[in-house]
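One chain, subunit A, appears in both complexes that follow, with subunit B as partner in the first and subunit C in the second.
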Partner chain A sequence: MAQWDTSRYTSLFISEATEHLEALSKELVRLEQGEVTAEAIDSLFRHAHSVKGMAGSMGFEATTALGHKLEDLLDRVRTTPTRFDRGVADLVLQACDALTAHVKAVAAGQPFPDAAPLMAQLVAATQSMRPGTTPLPFKENAAPPLVETTPAPESNLPPRWLISLKVSASSAQPGVRGFLAYKRLGSLGNLFRCAPSLDEVKAGKLQGGLFAVELETTETEANIQKTVSQVADVTLVSIEKVVAPPPVPAAEEARPESSPGDRVVGQEPQRTVRVKTELLDEFLDLAGELLLATAGVREAGRTLHEDARSQLNVSVDRLHGLVRGLHDKVMEARMTPVSVITDRLPRAARDIARRRGREIELIVAGSEVELDRAIVDELNDPVLHLLRNAIDHGVEPPEERRMRGKPPRGTVKVSVRRASDRVLLEVEDDGRGMDTERLKTIAVERGLITAEQAKDLPERDALLLSAAPGLSTATTVTDISGRGVGMDAVKRAVEQVGGTLEIISKRGVGTTFRLSLPLTVAMVNLLLVSVGDDVYGLPIGKVAGVVETTRATLAHSQDLPVLQFGQAVVPARELSALLGVPARLHDVNAACPFVVVETDEGRVALAVDALLGQEEVVLKALRRPLDKVRGLSGVTVLGNGRPVFILDVARIDAPAPHARAAGGDA
Partner chain B sequence: MRHVIFLVGKDRYALPLDAVREVVVAPDRYTRVPHAGTSVKGVMTLRGRVVPVVDLARLLVAAPSEGQPAGGKVVLLELTRRDLGLLVTEVEGIEPIEQVDRPPHTTSRLVRGLTRVKEQAATVLDLQGLDSAVASAFATE
Partner chain C sequence: MSKRVLVVDDSVFMRDIIKDIFAAGGFSVVGEAGNGVEAVEKYKELKPDLVTMDLVMPYRNGIDATREILRGDGKALVVMCSALGQETMVMEAIEAGAVDFIVKPPRAEDVLAVVKKVLGEG
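Up next is the complex of A and B:
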């Protein structure tokens, strides 16, 4: 390469350096809690080294110098792991933060912050650790080579074998036999290539029963032969040593067709590429619009003559299937492990606990669970906030814990798990719990609820008062209620992505915040209803049932109509009135569908003109100025090209903000 | 600066050309936006996008205009990250406008000033004023 144009690599540098620095601080915090081993320090060193190397190749001298000093310190620690103490850990974390600041400066196109004092500290710490026996004052040339420190692999690679196998045509289970042979060979070493693909082997779809694998092993040829011979119905066709490892074509006779499944299998890591997240967003938009466009073609076909239409429909069905498949794949590509959030928590927990004089053990479980990246992005701050709250206000100081007969070290557990089509994320502490009586008292004082309401308020709802806007932002309440600022922001963020917040708390025992989240944001199942000339979508997840009855037969409670639903009585409302749209004239004696939905205030029956059926649609977020409209949660476009609003069912019965006693969700 | 000249009823208005993305024929029907003010016509779809449309006649004159004829054109504004259409009666064309006089009495935040186009009076609209008027039309409650 004649011209090394670094600008193209800037974004790569930012993302990779950030990853290394995050890994470094994460591993360091883990190291602090466990045993300090040379391997663990080694890993820290490698991260620092990588960052330094990358900065060097980008020409960021200040970053390189800082990385170098950190590397020196870690190199010294590596030789004497016993010297690794809290002071060193703090210093390494500071250096890590400083390097992160540099990376951020690169991202923002700003000058690098000055790190001279920190660099001096690093040098001092490195020198203080110098073993007395070392005559050299400071190993300037000790910087390791620019390649990774692991030994070059070529020299000691085990030999590779190309093994052709034949599954007997008389085998009752050719797929199982073939797979068994594959597995057995895999136990000898690393399998690299299977032609045709393993799936075809498993399916028993082999022409002439032939397939071939490449095996990297230290075992002898005789042992390989023996292993194959132990599998019934499978015989060894040929075995030969492969000279050049990677692109070796499998033996001709073992490849009946130019095997499309000729991909690398075995224990090689999956190949990945980096994709800009905006690009993923655009993919999703486009795939969503393709779905809509396909539905549009189908709709247009309705005007065609029967023969022509059925022909068109066959094609449209196929197209729809393909587009649906594409959409699914795009959604899959967007799935991001929750670890993006949870990886930062140990470090944050450590810092918060130190600052507040708490002793904390943080347990993180299930960080491999995946969610749509839009949801993961939205959750970053809320989860951090919940953690801060748990440590700050949940877990008591060590002395207080001792007095209460608890272990001085508090436990905060962040766990993520799949529950059918939802993901549950819980932040649980074993602290003092929440005082619902105090919460209620303050809520009444602030006019959020009446004393009357407070008396009958269920525990669950009382706890959620802590997330009411008027309450959680009041700093004075923080210490009394035990829950801090910004819980309303947490609740809002969770609801924004279609999730719900639940709080479970027991005084003196602890509190759990449970976020129930959808896997993806984009697809939603709707019940379409018509009101007057309009069509609206109600998320199926919020629909408890439908009752058909006449308005005339509704019972009344406190002058408001109510509907018998199951064992309960639910308030009945005209959807047109709730939305402020004109209604069709209705005959009170005519049967009318009432859709019973789950709102934040409990179940409500909505009178509509007609049910138009269910549809799975692509949800579009509302953009300005539509996001200002009360009562809507999204919009979609039906096959006929008509936009349909999706109602914010959770808050549909909430009175208009000006009519509310106090702040609501407006 | 070049401006898009259009009619709202019988009155002539202008918007800077770079504030306009495109002009489309008004749809036969709109999807109603709940709770929105009377100047909000509804939403339409344009190439798969959902575009809110505001009836400029009603936005300019608080009182309902006398029986707006069917049809008309939708002027789509060039805004970042969102779409907004203004329903107008007819689009006349693009004309250069050099001088904009301040209106004698500031009647509306929607109006930037007055000018003459081909010997006829025209009102130049203020994009920011328009934007905030639209925002409040959508958040009436």
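Up next is the complex of A and C:
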């Protein structure tokens, strides 16, 4: 089967098969939660069927065989829905995972994992569901069937056939041959779904000469075969009855909430093309470079005579406007719905809950909200982590919940919404809540804060202790606090994309993790400052203000210099000392700018040598080994070509031995 | 009884080649036509089992002629003769009701394979 070159279809196969498998597992989980319709089961079947078909076209026999067994089982489920229980659902999900592993193997160019035992299980389950047999003794079969009595879909539509055809390689005009076969079949009834599309068939763009159509007809199978046999150069590869005749994806129609990936019936589908995400990254990079280059032209113009310069500047302004427009469009193209993350959650929630013996209802809302793809990518793991935490540690076991007068089934709600120029993503549970006193105690024990500090620590800061590195990585603490494994990683990831993490928790009532995220990451407004011979950028968003004063007039508190800022007093630090770079000799009586910034530990005034101005720049992520340097969050290039490090202001005041070492090299 | 064929092409040379192919294949060529108008007339007169129809011809092209023939006899079997590069026209002819097509220059085995399939003998 694989004698022709299918390699150029590989990436399409991977992406489409993955989409089908994700949809399958997502829909199955939804079906388990009780929203059962015949269409939903049909939809599961169709996903399996599509994957099988694609794998067959690619010549992946092992994948095809596995897909076929899954398809058989789902076909049986369709006819005997009362036999559909958790055991079957588990098996379907296992098959789904195994198929996903196959797809991944294709992507990685590795051999297919062995699925023989699973296939045997699928066959056994399929057979056991034959009408009149007793169900397999699945584990946990005590659970009532998830589907009540849903009769097999009655329909008075004629049966539908999936017909695969092959146009002979020796055919002089394969496109016309394929089209002829298509028309001939069309004379027997109604045709649906030609794959590849009819236009591609007509153009002769057939991989290995293969294409497939669905035909709804009252004709017999023999007559269909005869019709195909009357077309020269076209052979019938396979013909099989398709289960459901619905021309519209009714399962999706029936869903109360639909993500943008779901096609809403009656709505004009948007015209889209698939673009490699790397290409979008490159576009953004190039658009960013263009912005920089524009700034470079403006910079170069400064040496010109004033008349010439103002003329140049008019053009540069126009250019800048255009490039800005281009950049905005690229950013827009990168916007990705959060459903990319949330679509995986129901399945994950189900698995975690089952493993931990919890009863969970997962509610997902607002998955259509869009964010920059880079942010969505970064948030995948953190959100999954928050979900795991909520189920693992937040929601109590059913017995405990009953004792506390709560419904045995816990609710975890993941909601996403726009709030002006931010996106709020919340993971909320109705579990046991967090114990701030214990968090404080442990934080003091570990030397993260003093007992003094602990006493006055506001509630929200105390809750954030659960995301402090020293606390969260300790597993012993996890068990006590009920939170923590990798919470610091979550916080870091959120801040990395320019977001903030907030925790709201009430003992016995539940916990909400709120991520406040920017829509895009790439542009940042910087306040440029010089220290010694170097220029650094401070994100304007983190700058509270600038005060110019002399070092000699600074007040002191506990022997440390402090600066009066508004009504408050903030600690004053030398930025050079924090970064570990040599400072200029300074006269304590000379005026010095202090930039007041917001750090994790509160406001801090940073003494710098000079303020150089404000600039909107394109942020580039630091690559190895610079990403390991504490105190730096990114790098950019100014119009004059000079690289500027952007300071990780939130953590700048924390002890940073690495920054000191690396700062010396910078 | 051998099947009766009407060969339509504006080129005598091409008609001869096709006639020879049919003769060798045991078909009986009962008539010829050099343009679309003639083709329609001959069809009505001869009621052949099969027509081979050139696409591009004077007076009336093969697609129009096919349409006209089928209007008079919905069961008429018309096979188009096309050259490479005429794919779009062939598809138009198929839309108009042509049952199959052969590609010029015609090769005996291809032509016979196609017409036999069309006549249900293949």
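Throughout what follows, the second predicted complex is superposed on the first by the 472 of 666 C-alpha atoms of A that agree within 3 Å, B and C clash if a C-alpha of one lies under 4 Å from a C-alpha of the other, contacts with A are read in each partner's own complex, and residues count from 1 in each chain.
Everything that follows uses one rule, which is that a residue touches a chain if its C-beta (ideal position, glycine included) is under 8 Å from a C-beta of that chain, and two chains touch if they have at least 3 such contacts.
Here the structure is a predicted model, which means the values were calculated and not measured.
Student: Between subunit B and subunit C, pick out the one touching the greater number of residues of subunit A.
Tutor: Of subunit B and subunit C, B contacts more residues of subunit A.
Student: A:Glu359 contacts which: subunit B (first), subunit C (second), both, neither?
Tutor: In the superposition, A:Glu359 touches no partner, neither subunit B nor subunit C.
Student: Applying the touch criterion given at the start, work out whether A:Asp381 contacts subunit B, subunit C, both or neither, answering first, second, both or neither.
Tutor: In the superposition, A:Asp381 contacts neither subunit B nor subunit C.
Student: Applying the document's definition of touch, where does A:Val176 land relative to subunit B and subunit C: first, second, both, or neither?
Tutor: second
Student: Check whether A:Arg642 is in contact with subunit B, with subunit C, with both or with neither, and answer first, second, both or neither.
Tutor: first
Student: Answer with first, second, both or neither: which of subunit B and subunit C does A:Glu289 touch in the superposed model?
Tutor: first
Student: Per the contact definition in the header, classify A:Asp461: touching subunit B only (first), subunit C only (second), both, or neither.
Tutor: neither
Student: Let me check the overlay on chain A: which residues of subunit A are in contact with subunit B and also with subunit C?
Tutor: Residues common to the subunit A contacts of subunit C and of subunit B do not exist here, since the sets are disjoint.
Student: Spell out the part of subunit A that touches subunit C in their complex, as residue ranges.
Tutor: 172-173, 175-176, 179-180, 183-184, 202, 204, 229-232
Student: Which residues, counting only subunit A, touch subunit B once they are in their complex?
Tutor: Against subunit B, the touching part of subunit A is residues 289, 292-293, 533-535, 579-581, 620, 623-626, 628-632, 635, 637, 641-645, 656-658.
Student: Any idea which subunit C residues touch subunit A in the complex?
Tutor: Contact set of subunit C toward subunit A: 82, 84, 87, 90-91, 94-95, 99-101, 103, 110, 113-114, 117-118, 120, 122.
Student: So in the complex, which bits of subunit B are touching subunit A?
Tutor: Residues in contact with subunit A: 31-36, 43-45, 48, 50, 52, 81-84, 134-135, 137-139, 141.
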